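One chain, subunit A, appears in both complexes that follow, with subunit B as partner in the first and subunit C in the second.
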Partner chain A sequence: MSSKSGINSELEDLTHLDEVEASILFRIDGNVVDSSFKEKYSHKLLRTIQWCKANVDKVSLEMKSGNLNKVTYELNEFCVIFYVVNNITILTTISSKNANLSLLSIESKRKALLLVNYL
Partner chain B sequence: MQIATGTTSHRSIHTATKQIINDVIGDINGSPDFMIAAYTPNYREKKEYEKAIAKICEESGTNNIIGGTFPAVATSNDVPTTQGCSLMAFKSAELDFQPPVSYSNIRLNPNKGADKLVKLFKDDQKQNKTGFFLTPGPNFPPDAFNGMKMLDTIFAHKFRGMFNQIGKLINRNMGKNGYGVTSFAYKILKKLLENGVSNTLGGATIDLDMLSCYQFQGENVFQNAMVGTIFSSDTLNFGHSWAFDKSQRSKTFEISNGLKSSSYVHTINDKPSKEEFLNVIDIPENLYEEAFKGVAYASLLYLSTLKSEDQGNLPFVSVCHPILEGVISTIPEEILDESDRIAEFCTQSGIGVQKSAYQCAKSAAQGIDNPVFGLFINCSNRLLIAGDKTEQENKMIAEALGTDIPFMTLYSGGEFSVINHKPVYAAVSVHGMVAGYSKSPQKNVVF
Partner chain C sequence: MSMINTERISSGIEGIDVLLQGGMIKNSVNSIVGSSGTGKTTFALAYLYQGLLNGDHTLYLSFEETPSKLIGEAEALGIDIRGLTNDSEDLIHLVESEKIVEFMTNILPALAQKLKHRNVKHTRIVLDPLTPILWEFPSEKEQRKVLTKIYQHLSSLGTVLQTIEEPNAFGQTDIGATETRVPIYLSDSVVHIQNLGLGGKYNRTCKIIKSRKTPHHEGIYPLNFVNGPGIAIDTSSVETVAMDTVVYDIRYQELMKKVKDLSKDKDPKKRIIAQIAKNLLGEREKKDTIQNMELVEVLTDKQILQEVKK
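And now, the complex of A and B:
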């Protein structure tokens, strides 16, 4: 499997989970490496993605300085999990606000570990 | 002896199955003697699981397989997944596996299901043997608690003696509708004990979304069945143990009154139980509802224990639903009978969960010099507490057994064992079985 399709397949796995709305692999400068969305997505979701894109550099700096592997934001409509993949990329999982974050963080971690192999 | 394990994850059950066949069955030279397969419940459709299990049977050349669905699955050589499957395959001249059995009406007739396991034990002539079985788990659809409302009438509170009989009928109805595990799992353990079974490991399949859970035996996929088998050997020994996080004990309280036949508690410390329960754990009602409505209103972080004459402190879960004045608990009737009714609160923590997994594995392997493999039934509530640190828990098990020892962890909706002729029915706990060689005769291990 090529690097591009491998990354996309792992992101699609995440998006396939009932509660996940989108999964995006960001570079820490905010550029998107790859992404996957549920077929139907709302304007609210797009605004949340914009928020992620605008803040991923600050979040990654915070994660680096605090030696954090994972940061979770519980927003009004969605939950966002940032998971460190390597020095320059961060996996972002956006789920519905009622998602079971414990279970979701297990899968995000697994995917972050798998994504390293494609980068 | 060949033992292969693996965990794969993929959004498609077909791809996950294909990968696991490649990784695990491909590692066994020839056809395995026996397999344990565990899938996560997110694939939902029964026919999808039927196809997947049929494929594993076809590719492996054996129908000697049992398994089920669990919110997460893990093996010693892979990180846990909540979207995939784990498989453990065995091929050994030293280890025997009785052809797996199933009983499809286990919620209503637990004794009949247990009889099937007893027969396996009696038919096996090997020196050392132990059982392994899986059952359906808790299933609380949104309206499940409405059926409990009749337990709350003034009449029920006043005439408890009579309502214990009605409680039994309600219990039966709850069993039929698939609500709880307590009513049938403890009966299976008692039946096994009555027939001289000394060691067995059991666990309940579960879907935390309360939508679907399945059990597998051969190519069959069931929704409300017990599936099980017997491991036996003349050269290998089997060690069992269990543990839970009891590191942070806080208050005690008295279970004053309740309908013992349906594990329904009316009064705690001689006060209405819901009110007093929230008072003891010091949480306002609205916050409790907000925090626990997603997990069937069970206060999983606040685990209570009750001291049993035979089994020491046994943990149980309390369910505090807004429409009920009482508290539903997971205490088997027999344990409530033999206890002093003084319960203790133990607050669960991530570190405590990890430590207790180590304790369980270490204690199960205590009489075994060279472990060969391990099987662990670990509460799915502990999974929620551990979150993405779940991997650490399995690392602790690996540390206890040896880093090259294959094992499988299933995150269950109920954990139960028979250990050294004693039944252990406990909530939010980890139960384990370790098989291996002993230089000296095996000692009885009591945790």
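And now, the complex of A and C:
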């Protein structure tokens, strides 16, 4: 299995969770390493993804300076969890506002630990 | 959303006619704006192909690529221009950059006059890309003066589609850049296509940012390169909201076109599918075909057809 498909299957695992709409592995400069989305297209989700892409550099800087592993944002109808994978990548999980955030945080942490093996 | 009664032509791009409430307005100037690799030329080639299908007169002015290269690109995406005409390379005219100004200001108006006298029913004009012309006129004032003149000539002749390069790095966008401002201002409709680099269905998107005389849809829609039509815009999120008569007619026409193409396929299985789809669609007047249209959409889906091929 190539590292790309390995990353993608880990991200797909996350989007299979009911409340998760998208999972994206960002490089800290905002470039997308890989991504997985729920089947249905949504304009509102696209806007949230674009916000993540535009701000991932600032968020990662804040996380580095504050020595944080995880940051959560609430944006409109969505909840975004940023989880540090390594020095240059961040796992972003976008879920609906009603999602069980404790469960998603644990799942994001578990995936971040798995993803680091492919990078 | 009400429809303003203006004569329209089909763009030839799946989904765009739905977003523009029936297609491009006849004798209007339409712009496709996007950065490199977003699909502007494919858009233009699909527009040209639709013109050939409709029996329109076509005039494709390429300012960079040779006719044979453009036709090759079209064929790679399943747009079979050669299959519709014997002199395919005569359809596309390469205008050398140093002659652009002379061509646009002197030769083209004369050509427009000639075609008017030949009593051509409708003409589709493509300018691909407009950007080198803009470089010839560095000041916005000059650009505006020259483009207004060019558009007046061209729109009296037919419906214009022009592509405009957005001067930005990959994944970034600036629709208000100096290079795009004037032609956008002067165009009747503007479609903005972007490569966001997000992957999956969020990778390439399309948005109507301007459309005079048309209450167009405002969202951002996924855009895909597909074999056959070249480009398809996923408007399923529009169609679930409301299925008015106009949208119904456009969907019906798009599906009939798809089925017609399929019925000419070499694969007998695909021809059988085309026959089933044709029977399902039935008569256009019967509004109870809406459910069947959904069935036909599934039947003629690219993935399903690939499975059939296997």
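Following the convention adopted for this analysis, the second predicted complex is superposed on the first by the 119 of 119 C-alpha atoms of A that agree within 3 Å, B and C clash if a C-alpha of one lies under 4 Å from a C-alpha of the other, contacts with A are read in each partner's own complex, and residues count from 1 in each chain.
Basically, a residue touches a chain if its C-beta (ideal position, glycine included) is under 8 Å from a C-beta of that chain, and two chains touch if they have at least 3 such contacts.
Treat the numbers as computed from the prediction; the structure is a model and nothing was measured.
Overlaying the two complexes via subunit A leaves subunit B and subunit C side by side, clear of any clash. Of the two partner chains, neither subunit B nor subunit C is touched by A:116. For subunit A, the partner touching the most residues, choosing from subunit B and subunit C, is B. Contact with neither subunit B nor subunit C is seen for A:61 once the two complexes are overlaid on the shared chain.
When the two structures are aligned on the shared chain, A:41 is found in touch with subunit C, with no touch to subunit B.
When both complexes are overlaid on chain A, the residue A:70 reaches subunit B alone and has no touch with subunit C. Judged by the touch definition given at the top, the superposed model places A:106 against subunit B, while subunit C stays out of reach. Once chain A of one complex is fitted onto chain A of the other, the partner contacts of A:18 are limited to subunit B, with no touch recorded for subunit C. Within the superposed three-chain model, A:53 lies in touch with subunit C and out of touch with subunit B [touch as defined at top].
With the two structures overlaid on their shared chain A, subunit B and subunit C come no closer than 19 Å at the level of C-alpha atoms.
Residue overlap on subunit A between the subunit B contacts of one complex and the subunit C contacts of the other is empty. Residue ranges of subunit A in contact with subunit C, taken from their complex: 24, 30-32, 34-37, 41-43, 45-46, 49-50, 53. Across the complex, subunit A is touched by residues 171, 196-202, 205, 219-222, 234, 236-237 of subunit C.
Contacts from subunit B toward subunit A in the complex involve residues 9-11, 42, 71-72, 79-83, 208-209, 294, 383-388, 390-391. The touching residues of subunit A, when paired with subunit B in their complex, are 12-13, 15-18, 70, 98, 100-110, 113.
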